[in-house]
Amino acid sequence: MTGELLVFIVLFLITITGGLLMLNLTKVIHMMMALVLTFLGIAGFYIMLSAEFVAVVQILIYSGAITIIMLFGIMLTKHTEAEPKTGWAKKGVVFTGIVLFFLIMFKGIRTISLGPQADDLHVNNTEQIGIMLYTDYVIPFELVSVVLLVALVGAVVLAKKDEKDEKEGEQS
Amino acid sequence: MDYVFLIPILPLLSFLIILFTKPIYKKAGLVGTTLTGAAFLCSLVVLFSHFAQGNYLVEANWFSIDTVMISVGLEVNPLNALMLVIVTLVSFLVHMYSMGYMANDERYATFFSYLGLFTFSMTGLVLSPNLLQLYMFWELVGVCSFLLVGFYFYKPEARAAAKKAFIMTRIGDVGLLVAIFLLFWQTGSFELDVIFQAAQAGDIAPSLLTLIAILIFVGAVGKSGQFPLHTWLPDAMEGPTPVSALIHAATMVAAGVYLVAVTYPLFSASEVAMTTVAVTGGFTAIFAATIALAETDMKRILAYSTISQLGYMMLALGAAGYTAGVFHLTTHAFFKALLFLAAGSVIHAVHEQNIFKMGGLSKKLPKTAALFLIGSLSISGFPLLAGFFSKDEILATTYGDGRYVLFVIGLLTAFLTALYMFRLYFLVFLGNRSTEAREAPSVMLIPMMVLGVLAVVGGYIQTNWFGTFLGDWLETTPYTIAFVHPEAPFWIPLVASLLAIGGIAVAWLVYGRKTSIEESNERNGLHTLLYRKYYVDELYQGLFVRGSRVVAYFWMYVDRFIIEGGAAAVTYAVKRFGQAGVKLQSGQVQTYSTVAFSGLVVVLLLIAVLGGYF
Amino acid sequence: MNESFLLTILILSPLLGIVLLSVMPGNHRFINYMGVLGTVLPLVLTLIVFSLFDRTVSGVQFVEYRQWFELMTSISPNEPYTVAYDLGVTGLSVLFLMLASLITFLASLTALRLKESAKGFYILFLLLELGLLGVFVSENLFLFFLFFEITLVSMFLLVGKWGGFNREKAAFSFMIYNGIGSILLLIVIIVLFVEMKTTNITELTMLLKETDSLEFLSGDTRTWLFVLLLIAFGIKLPIVPFHTWMVRVHVEAPIAVVMIHAGVLLKIGAYGLLRFGVGFFPQQLKDMAVVLAILGVINLLYGAFIALVQTELRSVLAYSSISHMGIVLLGVASFNTAGLQGAVFQTISHGLIAALLFLLVGVIVDRFHTTKLEELGGVASQAPLFAGFLLAAGLASLGLPGMSGFISEFLAFLGLFESMPVIGSVGILGLILTAVYMLRAVLAVTFGERRPLFDGIRDLTAVEIVPSAILLSIIIWIGVYPAVLSNTLQLARTIGIGG
Amino acid sequence: MSSVPLSAYLVTALLLFCMGLYGALTKRNAVIVLISIELMLNAVNLNLVAFAKYGVGASIRGQVFSLFTITVAAAEAAVGLAILIALYRNRATVNVDEMNTLKK
């Protein structure tokens, strides 16, 4: 057993445990926290896969930003009561479907092995990404920025109280 | 002879004219009487030209069944010509009589239009040269009878009686219909001539021929009120009395006898069928006569008497007495029509039908009483009146045919006939009970007088003394039928007369001498049995009416619960399937995506399994 | 034969009325009259077709043929499957055509008293007529099916919107049953199309008759197709136990629609059975004749018995229709000229009689607001004319000679007695039962004590007398002179069996 | 060669994807549903990065793609949450069972 494999197993356990906890915990906040575990585990995988920059971004965006946003979301809405139970029939149908889906995909990817391994990813990883972004992918990059801007504005507009609603709120 | 067609057409014209001018023209009776009178004259002319020219037949194509052409036509042969005269004569007289009897009825015109339709149908029936046409008119007269019995439609009894009359006769009609079908497939034709030739040539198997003859007889039983389909005829007395005289005494009910006479070649070819006819006739004769003994309603007594006399005719026909049967049919038409019209005159005068509530009417209604007496004597077989000769002929034939049991029954019936007729006569016309009554107008009396004369002299067309004119004429037929002309023993007329007079005497002893007789409510067993008409009505009510209702309810519940239930189950299943679909459309994204994902899994599974990845 | 556009004009003629109605404002005073006028044009055209129809020539007349579309298939790349626009009339269909446009016209008259949303009613009504006319002039199974479906849809809407209390239930059971029927019919059509490469009815009849060697379809397949056809048209006819929808529709639908339904729509079942069942699969029919006859007897007696104890006039008439359709089955089952002729006669005659009876029921509903037998009675005192017509219609229905019902029943049973005398003897009891239930119902309405409740009731009005009198006189005309049907029918030549 | 094969990463990603899917389809709280979707996106990202190292024509492009995905996911999270809050204000619930406006 190599050290790499050991690390993989540890990360795998962390990630899956986080996922399972998310599915099985009852309080919403706890679920969020379990997910942070998963996100961190995934970041570990990124490092193993010579993607330091992505790993850092993962930690920043997911474990940081998105989690915080979601926590805000939870706090702004009702969260005190426990997650209501879903019917067994529906759960069963979904679970069976997912297990079948898993088995089929698993069968497909179990022994997959593609081409040679890329060796130079860890060399100046961030630089490589930066070059790539500003050369080949400059247009998508700019578009993504527009998307982000739109999302920002959209989120503000959506979350802002309607003036009409406000008036009605005042009247009532 | 070429104006034979006028005979049915004139009454039809009467029907149509009255039907369409009903709201504007008030002289319906006159129109009907005139046109029927014209038809009667035509019949007379046809009768006499038949003596000169013999049989007559005209036919036209009607429609085709594939290659078989079905025709309609008019036929005159001795039997037809005689029937025509009887029908049109009685119809004419009844028309005339009704002008007085129905004068105050608000549906006066309707009555005459029905009478016209009936006369049309009856003459059409008589003139038919083929069985299909005969059957059509056969049903039509049934409908007219139905309409006229139910003429007082607001009376529930009339409604029930009309329905009963139609349905009971239809049961018989179905027998006739089946016989017609069988004959058609045996001979390929409805024409009587063709059928008779085939029967004579032996083209029809004997057993089948017997079956056909009996089926035809079933039709006759229904129409002529023979046992066991007799119960409608007494009930049919709910109709106006002239109708009872015309339809339920003289013409339509005699159509059964006529039918047997018309298809006589078929009957004479089968001994079993003949015996059936004779036994049914004889049994009906005495059966109905006994019921008439206990009946209290004037018209119903006459109705049972009609049944009994029709049984007599059947007995004659069954005993190979073709002439005797037709002869009695003729005389019976006269005296029974007379009796009914006279009874109508009484009812018209006193508005009462129970004979125990009448009495002493001979003083108030002398003419009616005299005419009724003539009729009663004639039907009882009093010597030298019409009924005497025809009854003798029947008794002689039965004796000559060797059916001694039936002969005795015939004699007994003759005695009973005299008894119940004079029971009726004495109770109604003698005694000194005083009832308000006025003699009928002459428009009613004249027809009765004409019939009275005929009831006296009508018998002389066929006697052993002055010649058997009627028989010689009737029996001119191209078919070989074994007509029986036994040498009647001299004692038969004697015994018959004695029995008739004996019957009258017994009636006198029981009913004639007393001044007034109350209807007694105490009845012994036999009397009750007779009074309840042997419980035949009750039996039918219980057996057939209830029976069919039970079956009907059974099927209705099967329909309602099993078939509707099955249908409901199908609809329920469809509905549930639809509801399941509706449930999926819950508006919840999760449900939608679950369905979409399940679809994906199914597709993947299919690809995996069919593609052999597993 | 020369190409003519008469039939196309005929089936499109209701469209004129539809267009005119749709541009009229819905509350216009003359909207009902417009609707009636819309049915006059098809009637006139049908009369023209009827009178121009050559009764001395056999075969299909007024043929119109246009190629509609072609299907290229991998099964036979060189022989495309052709679907054609194919019209024509035979002696059989011209009679049904006449029946359809006549009854539609008379039914439209009875709808004159309709007050609410008459516009929509008449538009759908004319659409129904279009479908009916199309069904009877189609010489092509696809066209037949198309028009058949048009009748279903318009009928569904008519029942569902203008019906009685339970109209929606009635409409849905109508749709479900008839939908199943059309699916089966479609299956048969498709199988025939795939196997025979044509859907022309006459061509199919010839091909299927000539190939005794079963070149095209095996005997088993034919039997199955015949059974499917029997069920498809049996639902329409209807054959017990597929009849519940029809009773419901009879009880719930508006009177004008019931007249068409009982008078014409149910007759599509008989038409289909005669044209396709007898035409395409004579051998199979012969093999299953006993089954058919038993079904017929069941229909006859079952309907009669149940009609005997119904307490409501419409139900009595509905079950009486079932009973009468049994006679059609018996006629078909006998499979000889007399029987088949009887079946056709009975179909036409029952169409007329049922239309007349329901027309009068419409009057009852209008005047007395009830069809319960025990609540009616003694009507003959207050409305003698109405009572007279009802009595005449009832007598016609129970097969009174001189009216069309008799000759039809007579022929059907005559035919049956040749092939199956025993079944015939059982079935003939139905004639007695018919008399019993019909008289019971009719007399319960007309006869009986005068009811003061009904004093002052209006007798028939002119607009009711005219259609009743027309129907009754046609019924009597056919009864007195049946050649008017049999000459046109040319049965042996139309259906193609020898005597 | 690395001792951890490509399929190991792929199976991990598959597991995560399945968990996310299960959560997205069964959880009632809309926030958790959103988070579950994020989890599915993460699984995809993991695949992208794994292919960047072990895939056909492996190169840095896979990582760039995953960055784009993360960006879009962030935007999605933001907008989703905004919608959620707007909805919550109108209907006072985050229970997806009660969000059935698609039906009407």
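For clarity, chains are labelled A, B, C and D in written order, and residue numbers in each chain start from 1.
In this section, a residue touches a chain if its C-beta (ideal position, glycine included) is under 8 Å from a C-beta of that chain, and two chains touch if they have at least 3 such contacts.
This structure is a prediction, so every number in the text was calculated from the model and none was measured.
Student: Which chain is most central here if centres come from C-alpha coordinates alone?
Tutor: Most central by this criterion: C.
Student: Using CA atom averages as chain centres, what separation in Å is found between chain A and chain C?
Tutor: About 69 Å separates the centre of chain A from that of chain C.
Student: Can you give the whole-Å distance between the Cα centres of chain C and chain D?
Tutor: Inter-chain centre distance comes to 64 Å.
Student: So, what's the distance in Å between the C-alpha centres of chain B and chain A?
Tutor: Averaging C-alpha atoms per chain gives centres 101 Å apart.
Student: I'd like to verify one number: the distance from the centre of chain B to the centre of chain D, where each centre is the average of its C-alpha atoms, in whole angstrom.
Tutor: 96
Student: Two or more other chains in contact with one residue: find those residues in chain A.
Tutor: 90, 94, 101 - these are the residues of chain A that touch more than one other chain.
Student: Touching two or more other chains, which residues of chain C qualify?
Tutor: Not one residue in chain C touches at least two other chains.
Student: Mind pulling the chain D residues that touch 2 or more other chains?
Tutor: 21, 25-26, 97
Student: Give the pairs of chains that touch; include all such pairs.
Tutor: Pairs satisfying the touch definition: A-B, A-D, B-C, B-D.
Student: Show me the residue ranges of chain B that touch chain D in the complex, using the header's touch definition.
Tutor: So the residues of chain B in touch with chain D come to 585-590, 592-594, 597.
Student: In the complex, go through chain A and note every residue touching chain D.
Tutor: Counting only chain A, the residues touching chain D are 2, 4-5, 8, 12, 15-16, 19-20, 22-23, 28, 31-32, 35, 38-39, 42, 45-46, 48-51, 53-54, 57-58, 61-62, 65-66, 69-70, 72-74, 76-79, 83-84, 86, 90-91, 94-95, 98, 101-102, 105-106, 109-118, 121, 125, 128-129, 132-133, 136-137, 140, 144, 147-148, 150-152, 154-159, 161, 165.
Student: Considering only the defined contacts, which chain B positions touch chain A in the complex?
Tutor: So the residues of chain B touching chain A come out as 594, 597-598, 600-601, 604-605, 608, 613-614.
Student: Would you pull the chain D residues touching chain B in the complex into a rising list?
Tutor: 21, 24-26, 33, 96-97, 99-104
Student: What part of chain C is in contact with chain B in the complex they form?
Tutor: Its residues touching chain B are 172-173, 176-177, 240-241, 243-245, 302, 305-306, 308-310, 337-338, 341, 378, 380-381, 395, 400-402, 406, 410-411, 413-414, 417-418, 421, 424-425, 428-429, 431-433, 435-436, 439-440, 443, 446-450, 481-483, 485-487, 491-492, 499.
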